[in-house]
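Read from first to last, the chains carry the letters A, B, C and D; within each, the first residue is number 1.
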Amino acid sequence: MDNTHPRLRELKYTLYRIFRNPSAIIGFTLLVFFIGVAVLAPVLAPPKYAHNPYQMPHKGFSPTPKPPSEKAIFGTTSGQYDIYYGVVWGTRTAFKIGLFVVVISGLFGVGLGAVSGYYGGWLDEALMRVTDIMWAIPTLVLAMAIVVAFGRGLDKVMIALALIQWRWYVRVIRSEILTLRDQDFVQAARVMGVSDFKIIRRHILPNAIYPVLIMASMDMGSMVITASFMSFVGLGSPKGYADWGQMVALARNYIVGPPDDPLRFWYTIAIPGACIILFVLAWNLIGDALRDAFDPKLRRR
Amino acid sequence: MTPLIRTENLVTNFYTYEGVVRALNGVSLVVDHGTTFGLVGESGCGKSVAVRSMMRIIQEPGRVEGGRVVAFFDPRDKRRGIDLLQQSEAYMEHLRGDQISMIFQEPNAALNPIMSIGDQVAESFLFHKKKEMAAAVLAAMDRENGRPPWPLGAFQRALYARTAVSPRDPLVALTGRLPLVRRWQMRLRREALRRSVEIIGKLGIPNPEAVARLYPHNLSGGMKQRIVIAIALACSPLLLIADEATSNLDVTIQAQILDLLRHLKETEIASILLITHDLGVVAETCDRVGVMYAGNLCEVANVTDLFNAPRHPYTRALLEAVPRLHQDGPLRSIEGAVPNLVNPPAGCRFHPRCPEARAICRKHFPETVHLGGDHSVACYLYTDRPRGEGAA
Amino acid sequence: MLTYILRRFFFLTFVLFGVSVLLFGILMTFSPERRAAAYVTTPQQAKDIPRIIQQFGLDDPFYVQYVRWIKEVSRGNMGWSLVAARPVGEAFWRYFPITLEMNLYAAPIVIFLGIWLGSVSGIHRDSWIDHSTRIFAIIGWSLPTFLFALVLLMVFYGYFQMFSPGVLSDALAMSIIDHPDQYTAYTGMLTIDGLLNGRLDIALDALHHLVLPILTYVIVVVALNMRVMRSGIIEELSKDYVLTARAKGADRRTIHYRHARRNALLPVVTVAGQLVAMSMEGSIAVEVVYNRQGIGWWLAESATQLDMPVLMCICLFMGVVFVVTNLTIDILYAYIDPRIRLN
Amino acid sequence: MSTLLQLRGLQKHYPVRGGVFRHQVASVKALDGIDLDIHRGECLGLVGESGCGKTTTGKAIIRLHRPTGGKIIYHRGNGGAPVDIAGLPASALKRERIRGRLQMVFQDPTTSLNPRMLVKNIIAEPLREQSSMGSRELETRILELLSMVGLTKDHYLRYPHEFSGGQRQRIAVARAIATHPEFLVLDEPTSALDVSVQAQILNLLHTLREKLELTYLFVTHHLLVVKYISNRLAVMYLGKVVEIASTAVLFNRARHPYTHALLSGIPIPDTGRRSRRILLQGDVPSPLNPPTGCRFHTRCPFVIDRCRAEEPVLKTFSDGHRVACHRRDEMERLVRDRFGR
């Protein structure tokens, strides 16, 4: 056995398991690409309005999209917004949406689920009834209701989604904890007089966190889908904001071109659309690979 | 003694992510007609794999990769052996449950949770006794009314008649699958259920009709194990394989089941192949014993010889490691642990833990030598030849 | 068993109550003035906002308003829809059949296709068929419904000129509107009404317009069902009772279909609730893109016009659907699984 | 011999909820009045079939759960006043330093060791909780513990899955003795292990008991193991103790029919001793609804009317042998006549 630190060895082993799966390689490659684009956005597409880089620059107001040219390599969309600029800065928007929703709802849901699953009793009962109520309405519909009540805007959409999505994490972590709670090593810790807080932190969460990670990875994608649909129907980002959903909305009236050239405006939808799909695909592939890698049945014997 | 089933150099490997698990490393054993053969060893030594390979029910990612399993199941010519590994899957399906059957370790998992007990036992009859049952149904139909009164009845009768001739008749198979039409088999099912109630009752379960209607979760562990035995016994097999059949049961229930097995051995089945890690069970029920270690059969002997004069160092150590009823002095323990079969030790797989290991033990696996009195052992204490050299 | 159903029933009424309080809570974040605007149907009334607030007690305490609202809702009065320009209740019954029709056609496809693909890929694990269904599933899972619908529209309608959006072609729609005496809306679902009225052309045209929506929807939704079925089959096939069945002499067919699949269906039944939620979300995107005037389209339109009563109505409706589905699932589950049925 | 623990009427009932509102409709009587004395320095074997309450008893003593009734009187080794720990809250147990004194070794070391913790941290956990050691001191103590259970410094920085079953159980033992306990509950510590390793652990436990002056409660269903390691045995059936005696006495002159059945049911690893078994009919009744009178009467081969009506109490013979059976005085004769043992 090699002499590296055991934690390092574990990490290596985990990574080996993850990357044994081709879907993980594709997923992470895509993700690295998107991260690169997001980080380098100011270099790749220098903002025209320094105070608000997310505002897409536009030349003129003509409603007809223009095809890719030297000035705009991906063409322009309706209203002459530059597609290239929008796609680049839209990557940042996508990360912003995903990370915000997943981090907030994940932390909230995991905390709540851990406490309620570990202690059980009336607290758990009450919390479960509240989540039951939350479960009764589909995410998108509830998000729409909340956004209508709070007002439009991308920030409102993000808040609304975070307010809804925690229910998933509560459910996932709770079911994990219910099985872990009666495991012998948790009982052993209790015999040693370890406090409940430390038991949750040291024994339960590290063993329950993988399903949450898988969930979070899948959520990064699905939240971006939901948010872009909200933008598409006009509840999300305002016009001209660098957001993929918004750009698809701008393309909506041009999906069918003139009769002689029906696919003339393909770039207006294909480019932002491909961004959304690849972004979501990246996270889903990663989630899928994690699911395989962390499957307790397939892990070591 | 005539052999009933014999394995020759059986090799089974499991292709896992961690590597190739060499679970069976050339196992040769013989189960004779009318005996109880015990296969003992610690967990992971390959005893379950051995019997599953014999029945060809190794699950993914395992593969039987070498050797022969010769079965002498022909009632007319007991010398005529058939290599099961060469037969088609259909042949094996026909054989399993009819001539060889198996009971499993965990009665809670061995039964389908959403199928009634009666149906699960009845399946055995439906797989193997369709012909006889169809004939019985036909006879009953003829008794009830001389001639079938309506066309559907005539159709039904015709189908039963065809089943009684050949249960694999294409028309029977087709009509047995079509929705609604397949209801013609109702009487066959009822007949199978009647037989299952009978066999359940025979195993000493009170009120078998009611039990047949229950589901596995309604029964206690001991009862479930009886049902599993009923399934295995349904078609009166020649060989019953009991894979740790009593290990997960309580002492008093285990006593009941062992008693039942002993009784069945005298009345119903020819031979039992009993797999266990409990030397006590072996001593009490078996005639011959094989000791396995890390995928190898190290010693085979009659039960009294094995307990009184063990030859292989592993057998000796094992016998000294279990507490006896009249134990005086401390238990001898075997140092070290069972090796990982992905990367087994070269040579004799026991050599790292063997107190009598020699240089040659580290290099080659020893040949199996026959000492007197049906006692065979694979150890360099008794031979100088490694396996593969000079073997006839 | 009866206790079990009663207990479920009790919880579900509780959930419905909770949903209504939640929704009303969201509604109450509006100022009284904005809520008063919902009662305005004519320009004259717009001047009398304070009077409306007074009249309808819009600044009363929460619970007073809640009880009043529930009373109204239970009487069928859900408010006024700006988008439909008629009372919400009335508009609902106009839009609902369109959505229902699509779901009625799509649901069996989703269910059977999902179960079939899932079992095939689970049974032939790690074969090419398994890999391709898995790739199909993960791509279906990653496709945003609205985007996929747009692309289909672009390709089929734009390029092949095959399936036009809307619920009916213009000429047919005209003929219906022009002659209400020749056509009676029995169910509101065009394919069924067409047949009932003896107008095969309407039924066929409506079906023609359903092709793309159903295709979109099935591809996006079927992935969930498939994945659950696949992992269910794989799990069941690794269980000991499968080994018992093999040891009895069961053939592959019997093991796969009589033993493993029936057990693997149990987890599929439990995700049915999630499927219903997904199909509702799917309806919104599909109807918006294909311009089908159903509940989903109405919801999206109302949301952009801040038409709160409609959102409330639809949320409440979906809550009811979800609750009823879950009750059905629970009963169904108890029926399939003897472990629950007999306890 | 002084007493370490006295159990008096110990009860543990688990509520069974049912009905529309999940109210309590019945209770599972896992322990229904256990009276037991554990002497200092002995190894008391607690045997019985699954579900008889033996593990529940063990877990009640170290207060893994709170018993619903009865007393657990703990006579502390340092001369402190006896305390009833049955009802003490968790904080008081920790404050009074009782936690570290009563420890447990679980059945399966694969599940009793946190798979995401290093061996170092696993063993350090009780030390950190119960004492305030510096990191240097902690490390020496852990290494000392490792060598006590037969492991070396090489094993210090490893994860549990890198060990074999026997080694894992050694780690679990090291963790249990880390805080200088005087009492250990051993819950089937060898039944998840292989036969060849079982002896290693049994011998280790035996030497540790002598070296550290420990007291054991050895919970098991394996009678030969318990015979090897225990001085005294208590037999449990359906939430009750039915017989207590020293090991030798119990194996030679058992007085309860259930003990007889258990003893005759052990498969003996010696040939030529196939004696007649006492086969009990049926299964253990449900603890939801235990039989009236003597709980064993539904399966007892020697049942008389009195057994169905009246519950026998534990009666003590002069040699300390305690039996709860109405026919205890004639049992030897009954068994001999009926089963020829």
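The definition used in the following text is that a residue touches a chain if its C-beta (ideal position, glycine included) is under 8 Å from a C-beta of that chain, and two chains touch if they have at least 3 such contacts.
Just so we're clear, the structure is a prediction, and the values are computed from it rather than from any experiment.
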Path length in steps (a step moves to a chain that is touched) from chain A to chain C: 1
Quick check: more C-beta contact pairs at B-D or at B-C? B-D
Which whole number of Å gives the spacing of the CA centres of chain B and chain D? 35
CA centre of chain A versus CA centre of chain B: separation in Å? 52
Whole-Å separation of chain centres (CA-atom averages), chain C against chain D: 56
Shared interface positions of chain C, touching two or more other chains: 238
Two or more other chains touching the same residue: where does that happen in chain D? none
In the complex formed with chain D, which residues of chain A make contact? 1, 5-7, 10, 183-185, 187-194, 202-203, 206-207, 300
Across the complex, what residues on chain D touch chain A? 59, 62, 64, 90, 93-94, 99-100, 102-104, 106-108, 111-118, 125-126, 129-130, 157-159, 161-162, 172, 175, 179
Given the complex, residues on chain A that touch chain C span 23, 129-130, 132-142, 144-150, 221, 225, 228-229, 232-235, 248, 251-252, 255-257, 262-263, 266, 269, 273, 276-277, 280-281, 284-285, 288, 297
Please name which positions on chain D make contact with chain C in the complex. 18-22
Contacting residues of chain C [partner chain A, same complex]: 11, 14-16, 18-19, 22-23, 26-27, 29-30, 138-139, 141-147, 150-151, 153-154, 157-159, 161, 238, 273, 277-278, 280-281, 284-285, 288, 299-300, 303-304, 306, 308, 311-312, 314-315, 318-319, 322-323
